[in-house]
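Structures follow.
Same chain, two partners: chain A is paired with chain B first, then with chain C.
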Partner chain A sequence: MPELDELESRLDALTEADFQQGLEVFRGKLKKAEASYLNSCVHCGLCASSCHYHRMDSTLENIPAHKLELISSVFKRNFTTMGRIAPGLVGAKPFDREMAKAWIDAVFGRCSLCGRCSINCTIGIALPKIFRAARAALGAMGLVPPDLQATVDNSLLHGNNMAVTKQDWVETVQWIEEELQLETGDPGAKLPLDKQGAKFLFTVNPREPKFFPLSLQASAKVFWAAKEDWTLASDGGWDLTNYGLFNCNDEQAGTITKHLVDAMARLGCKTLVIGECGHGYGAARWEGPEWLRKSYPFEVKSILELMDEYVRDGRIQLDPSKNTAPVTLHDPCNLVRHGGICEAQRRVLRKATTNFTEMTPNRVENFCCGGGGGQLAMARYKQRRIQSGGMKAEQIKASGAKVVVAPCHNCIDQLMELNKEYQLNVQIKTVAEMVAEALIPNP
Partner chain B sequence: MSPVVCNGQSVELSEEGFLVDPSLWNEELAVLLAKAEEGLDQLTDDHWSVIRFIRGHFVANNNAPMVRSICKTTGVPLKRIYELFPSGPAKGACKLAGLPKPDGCV
Partner chain C sequence: MEPLHLGVLLAGAWAILTLVFLHLNAKAYGKRTLYSKPAGDSVQGVVYAFTKGMAPWAKESVRMNLPSYAAGMVFHAGVFTAFGLLFAAIFGLELPPSLVFLARILTVGGVLGGFSLFGKRIFKPQLRGLSCPDDFVANLLSSLFVLLALTWTFSPALAGVWMSEAILLLVYAPLGKIRHCFFFFTTRYHLGAFFGRRGTFPPRA
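Let's look at the complex of A and B:
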């Protein structure tokens, strides 16, 4: 494991100044209310059963309150009077090599920042906020797992997280346009690039052009059927992802957000439309203005909201008998629990399918697929990722569904692996793929 | 992850089942990975044309090709790629071609 060695050698090389830097960043990330959470846990244990890591492997290290404890012990030692005078009495511990290693294991290795612990916490401790502050501190010390950082670096260097070149992107868009014209029989079906003044700037996950363009074709087909005025950016600002949400470096996250803001300004679009992606929606809709420290001069919507409006307003007609296999819906944490997009996808699916069943639990109480929080990018934690995803696999099995719809490409990749590992024998699709299948062509 | 043994030589795999050292790749190894990672007992001509194209692209450019290039060059239709490699172009085809795991949501 060369990468593991890389983190280990970085831990060995840490200087006192690095630890101070980490502490400073940690302190700077916490608002007053969050700092008070560090002394608020009543050890009720409700978070344990709410966490998919702990549900699938009940070790102490997987209890969210235990992860929190690691962080609060350092906070107490460095930022409270009692912690400085009598550390042993208040459970205060120094921030040293072993503690930094334990933080990495807890906040990168055993947490997908899904937030389920937080909504089930007796006193509402915002655990993901605190874990993100700890990730930021580790980042300031050069302790982000290298493959997660590489994904951020790709966005910073190439404008998208898979280092797709402009030429490759444009050629793929043109190819999908040809495919869409074949599929619809309409030579006027387009994937418009750089259409100045279009109403919507649509953004996608680089995974789509790189490896899975059928979802892009499906989204384009829906826009075609709704006669929408939309465009894609040819260069910079077509990628909706932002792994700055996961390495928790707000400056880098802000720079990546700016790719979208600049594309909106360049093309003069009214609304930034985020394709089916959990973290991308959360990052662009909720976090972006915070990172940039200013509000956007445009609105941000999920494509799920648009599809919901098309169905409601009769702009697209659907034939649910095109999708008769039992279907269930996965709720991506960043889209639903953190993002607030909850009912739009359900209303659409009920119109596009004949046999829709909810997983239990669902909506804000959904379980993470196990691939969130950057887990999919951190190869070293693969076994835990697959094991913790067992919770989702059980839910899918219990639903009896043959098709799992997931409005998030990150979740889709994890679900594809769960499908294989747990032999679920399901198909995994985006909402747009279901809608595209059910579309009744306009007269 | 436990290493695979190819021609008497032990070859190390990453946690995700990708070759730790992509330069060690050869076609016998692709056959072993196909069985171990994708559950494929046999690789057809279509499998091989996809794998060989991806490998050639990687050697020349040090990255994975776009799925468009795979389809255009090999003539294998897109939907067929997903049938040939159940884990998809990245975790399926690129893995069998001995590439490192791509960055991003894969």
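Let's look at the complex of A and C:
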């Protein structure tokens, strides 16, 4: 695997200055909350069962506290008095090649930053915050897995993470518009591009125009039914993804966020609407302002919240008898646990289906599908990703559902692989697809 | 005042002052300025983190590990009781027999909890792999402290041994993981504030 060699070569070539740089960046990511977290772990090990990696492969390396300890051991050695005086006693260790390798394995290879361990930690340590600081440090040392970094580079170079050209994007939008007009029988059904002053700028995951155009069509159909004033951007600012959330390079993440902010300013829209994507929502809604170090002059909403409002306000009418198969809902970690959007999608699905069943556990306690944290972009960890997804596969099987709704395109990719690997025999859909199916046109 | 009593008080002062220093040191890392618009209330999140969020049924990790959780709870109850007894011993407070009886029950639980967790750390390979010497030292010092407190209720002549051990415990407390006696609260506060602001805490359904 040439990419593996690239990372190994980089590890071999690390100089003392690289380690210092990594430590400086790591230190720079720590605020008083993180300093508190790094002083708190009691190694009780009860977090083990909260991690989907450990549930499917119960090795020491998969225990969240062990991953944390790798990082806190370096913190102790470099930033605490006891770590310098009595390293053996408190488990302080130097930041060397072996440790850097262990960090890569732990924070890139055995963690999807889902935060389930935070909720379950007996103390309350928000472990992903520390793992993100470690990813940032590794990034400063040139130790981000190259395929993950390539996804970020695509966004920086092309304005979207799949390097879709403007021509391809615009043509796809026009084609979907034609399909929507055929489906609705309304020649006025539009996918507006660059509509100045539209109320909403709608953003999508590049997977939609590339592989799942029906998903974009479904969202457009919902907007059409609600008679919404919305637009897509033809150039930079239509891609909601931001893998800067995963390589943890705040500068790069901020630059990608700026694509959205600039499109909002260019088009004069009031609200940025994030399509069904967990990390995209987290990046745009929560982290973007922090990366840019300023508040947005506009509002950010998930399309799930909009659909919930449409149903509540009677702007769309749904016929649940159009979706009678048993349906269950996957809770994307960045949308639910880290994003706070928990009930909107449930209210909508209850109106759009006749047989909605919750997975167990769900909501804040949901299990990551295994595709989060940039895992889908890191081929070297594919086997672990599929294995750790076994937890989600078990949940789906236990639900008895025939349709799994996932309001996140990254999760959908992972769920599709799990569907094959674990022979789940389910359909995987977005919330908008379910709503579009149940829409009663022009009631 | 007896020298050992003074020693305990001085060790206690050391523990408190060092913990304050560690807290100030953590605070010196600075506060993150947040620019995103909150979706929930940090204060409600903190309240939840310290109340319902700590309930055994709120955490799957606890629900799945009830014996360990129970051992931890009685261990901590034993430690707090032992400190109460230490306070009484130093300041010559006469405890009513009913309170002594209750203290004995709590310290027996603490001893059993503490040493069972010590055994678990030794015999469970993954927990052993997760541990550094500090984990064993901290547990031993605390468990012995509770055990000696229990024996003191039967034999006050053992006060010297108990107080000497208490001095060791108090001197060591801020140096190793026992510092979580303080950082537990700040960590839980930050967790609650983070998830509260995001509208995740308290859970709405």
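The rule is short, and it goes like this: the second predicted complex is superposed on the first by the 442 of 443 C-alpha atoms of A that agree within 3 Å, B and C clash if a C-alpha of one lies under 4 Å from a C-alpha of the other, contacts with A are read in each partner's own complex, and residues count from 1 in each chain.
Quick note on the criterion: a contact is a pair of C-beta atoms (placed from the backbone, for glycine too) under 8 Å apart; a residue touches a chain by one contact, two chains touch by 3 or more.
Keep in mind the model is a prediction, meaning the values are calculated, not measured.
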With the two complexes overlaid on their shared chain, look at chain A and say whether chain B and chain C clash or fit. fit
Applying the touch criterion given at the start, work out whether A:339 contacts chain B, chain C, both or neither, answering first, second, both or neither. second
Where the C-alpha centre of chain A sits as vertex, the angle toward chain B and chain C in the overlay (nearest 10 degrees): 140
Just chain B (first), just chain C (second), both, or neither: which does A:390 touch? neither
So in the superposed three-chain picture, is A:214 touching just chain B, just chain C, both, or none of them (first/second/both/neither)? first
Quick one: name whichever of chain B and chain C touches more residues of chain A. C
Just to be sure I read the superposition right, which of the two partners does A:275 touch: chain B = first, chain C = second, or both, or neither? neither
Does chain B (first) or chain C (second) touch A:373, or do both, or does neither? neither
Report for A:139: first if it touches chain B alone, second if chain C alone, otherwise both or neither. neither
What is the contact status of A:168 with respect to chain B (first) and chain C (second): first, second, both, or neither? first
Minimal inter-chain CA distance - chain C and chain B, angstrom: 25
Interface with chain A, chain C side, in the complex: residues 22, 25-37, 39-40, 49, 53, 59-62, 64-65, 68-69, 72, 124-127, 129-135, 137, 175-177, 179-180, 183-184, 186-188, 190-192, 194-195, 198-200, 203-205
Complex interface listing, chain A residues touching chain C: 30-37, 39-50, 58, 60, 63, 65-66, 69, 82, 86, 88-91, 118-126, 285-290, 292-296, 299-300, 336-343, 346, 361, 363-365
In their shared complex, at which residues does chain B touch chain A? 14-16, 20, 63-64, 66-69, 72, 78-79, 86-91, 101-106
Chain B-facing residues of chain A, complex: 1-2, 147, 150-151, 154, 161-164, 168, 171-172, 175, 179, 205-207, 209-214, 241, 376-377, 379-383, 409-410, 413, 416-417, 420
